[in-house]
Amino acid sequence: MEATDLRAAHAALRETAPLVHCLTNTVVQTITANALLAVGAAPAMVDDPAEAGEFAAVASAVLVNVGTVQQRTAEAMRIAARAAGDAGTPWVLDPVAVGGLTFRTELAADLAALRPTVVRGNASEVLALAGAGKGGRGVDSTATPEDALEAAGELARRTGGVVAVSGPVDVVTDGTRVVRIGGGSALLTRTTGAGCALGALVAAYVAAAAAGDPLTGTVAAHAHVALAAEIAADLADGPGTFPAQWLDALDALDDDALTRADLRTDD
Amino acid sequence: MEATDLRAAHAALRETAPLVHCLTNTVVQTITANALLAVGAAPAMVDDPAEAGEFAAVASAVLVNVGTVQQRTAEAMRIAARAAGDAGTPWVLDPVAVGGLTFRTELAADLAALRPTVVRGNASEVLALAGAGKGGRGVDSTATPEDALEAAGELARRTGGVVAVSGPVDVVTDGTRVVRIGGGSALLTRTTGAGCALGALVAAYVAAAAAGDPLTGTVAAHAHVALAAEIAADLADGPGTFPAQWLDALDALDDDALTRADLRTDD
Amino acid sequence: MEATDLRAAHAALRETAPLVHCLTNTVVQTITANALLAVGAAPAMVDDPAEAGEFAAVASAVLVNVGTVQQRTAEAMRIAARAAGDAGTPWVLDPVAVGGLTFRTELAADLAALRPTVVRGNASEVLALAGAGKGGRGVDSTATPEDALEAAGELARRTGGVVAVSGPVDVVTDGTRVVRIGGGSALLTRTTGAGCALGALVAAYVAAAAAGDPLTGTVAAHAHVALAAEIAADLADGPGTFPAQWLDALDALDDDALTRADLRTDD
């Protein structure tokens, strides 16, 4: 994969304006919705069992993020994941803080067995979900993406999908190919929700991508987030003013901008 | 109605600082509270059946927005709407995404039968609530306010209240009179929660307005939002920096500013 | 206590980066998480009974804020408060809108009986929790901190902890000593969540403080918030642009800056 391949992914995203059904944690719903709007997608947050299946069946993609999960939304997540699978709709699993908490760790294992199109998390979360670690410190990772590379590859082969591990250099793999995305800004970790919003952008990009190539869509989302973060870090005065600048930059980047991504492929 | 009539509506809002009880979706609670604070009202979010009736009975106005409704909050909404009706307190119904999802569509029909003082939604939502359409795409409208004008008038006559349809030019009607509000900015649709916050501002204005004239209060809220959006669009660099500027402008506008609203009345 | 004592409190906060487990209201989760990140702490929002006890036992501190409480989260709050107490982990109770609503008033009384390390609220809330008042108007106080001083002292002696009353001049007491913190900005009351975020910063500071001295940590959190607000008020154009500037300033203040706090001690 070359950075020039991301031009088409971005063009497809802008053209199709995918409707992304988000079952996500209440801390990050606002920035997640705003990030989707900024890149030209349409967000909708529907997280009750009474509606989750009906909506997942008509959405372009589904995001399942277990950040503030409860019994009710856990049930909605199971329903939405199954409805997406039945409809052939791509869906993304974000296993926030999995490993350290029993309830969500069991839930995430069940969801992973439903074969998410993409799993996106930090290294500790991916290690825990793959059965190779006990999780991080709260929502923070205590491992690096490279530490999680082998587990990520194994998990990807098990789900038949893509696994993305966020960090200073992100690692994305489908179990065979490995793509690394550099750049970005440390400010992404100093404001809540940037990683969770990235999960939603992965869903949007994968929905827009050519069928059968979730790897490119996943990489494009990571590149888009990293490039926008670099612009925003230059304009912001700190972690408080960063998110608004980041959203402006997500909006402003065009197809060509994506080709400036810092991609590193193994082959 | 003339734009000069809005001066008194704004003065009343600033003077009375109404306490607005919001049962609204979790995506937009923050910007809704901040918009109410910006215009001088006092927000309070209380959405559990254990407290909703007790609080609705003492609030100046109640907002019911079904955006992320669940069984628990649906029950709270029914209780709050009844308590508001019993107390003669004005209340606003925002039928987010009604039409496309069975659970909330039935809930919204029940709530509409409780005769909300104002219904505020986009064209697809108003058409669906009036029984004349099947809803939009997620939370987005697939129709224009003019498409919904007849249904809005019919719905207003049925509820005995006001119906407001948001769009590039907003349409507000009490079933007899029709007022259109132009201006605003497309950026209002590129950030989450502006429409939902508008619903809360309608509640605040109607609480402050002279009894028996919810039409003027509803129009004033729409004009206030549109005028602030124009100022904010000039100052913002994109959808990320827009909301903060919009809140600043909501705060900065004075009584006279409202008289510059782009109102268009039929008569 | 002198303002120079706050230097060590801030240094300890930066060095220990405490993990703060927040059970807080959904309106303010985002700004609460961002305020914790800005001062160098690690936020985690876990508010379901299925996980609250497990997480409280490993966190550095726990925040319990009843702002949008429901039956489910009320149960989680009881579990987390008990787990914190059993583990000797400091925890903060923020009795939002207590007094005016029966369900949360009873809950807060039960939680206060579990002896929170710190209670932080406005004057009406502290008066109501101490059994000396009926609460304010929604989430707003109708009394001043000085009105609540006697009740605060009595409550502190009952819980064996610290009680902090927010207002134009904050009052913090452990039932014997009284410290007042001046400064700040009225804009803190024109944006949602600043007070609630302050409760989380109290939890972070108390976790980082030397054992047995929650008073200094509580005062340091109030001073940090007030000093940052003064900087932000100079840079902001209104209540909309204020929060981002306030977060930037929370991040930018260093150990020495805390010594410029406007502290007033009785002795």
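First chain written, first letter: the chains are A, B and C, and each begins at residue 1.
Definition applied: contacts are C-beta pairs under 8 Å (C-beta built on N, C-alpha and C of every residue); 3 or more make two chains touch, one makes a residue touch a chain.
From a predicted model like this one, the values you see are computed outputs, not experimental measurements.
J.: Listed by label, which chains are in contact with chain A and with chain B?
T.: Joint contacts, listed by label: C.
J.: When the Cα trace of chain B is superposed on that of chain C, what is the rotation angle, expressed as a multiple of 5 degrees?
T.: Angle of rotation between the two copies: 120 degrees.
J.: What is the distance, in whole Å, between the centres of chain A and chain C, each centre taken as the mean of its C-alpha atoms?
T.: Between these chains, centre-to-centre, one finds 33 Å.
J.: Enumerate the residues of chain C that touch no fewer than two other chains.
T.: If we look for residues of chain C contacting two or more partner chains, we find 26, 30, 243-244.
J.: Mind listing the chain B positions that touch chain C in their complex?
T.: 19, 21, 26, 29-30, 33-34, 37-38, 42-48, 50-51, 54-55, 58-59, 72, 243-252
J.: Of all residues in chain A, which touch chain C in the complex?
T.: 25-28, 30-31, 67-71, 97, 100-104, 137-140, 190-193, 237-241, 243-244
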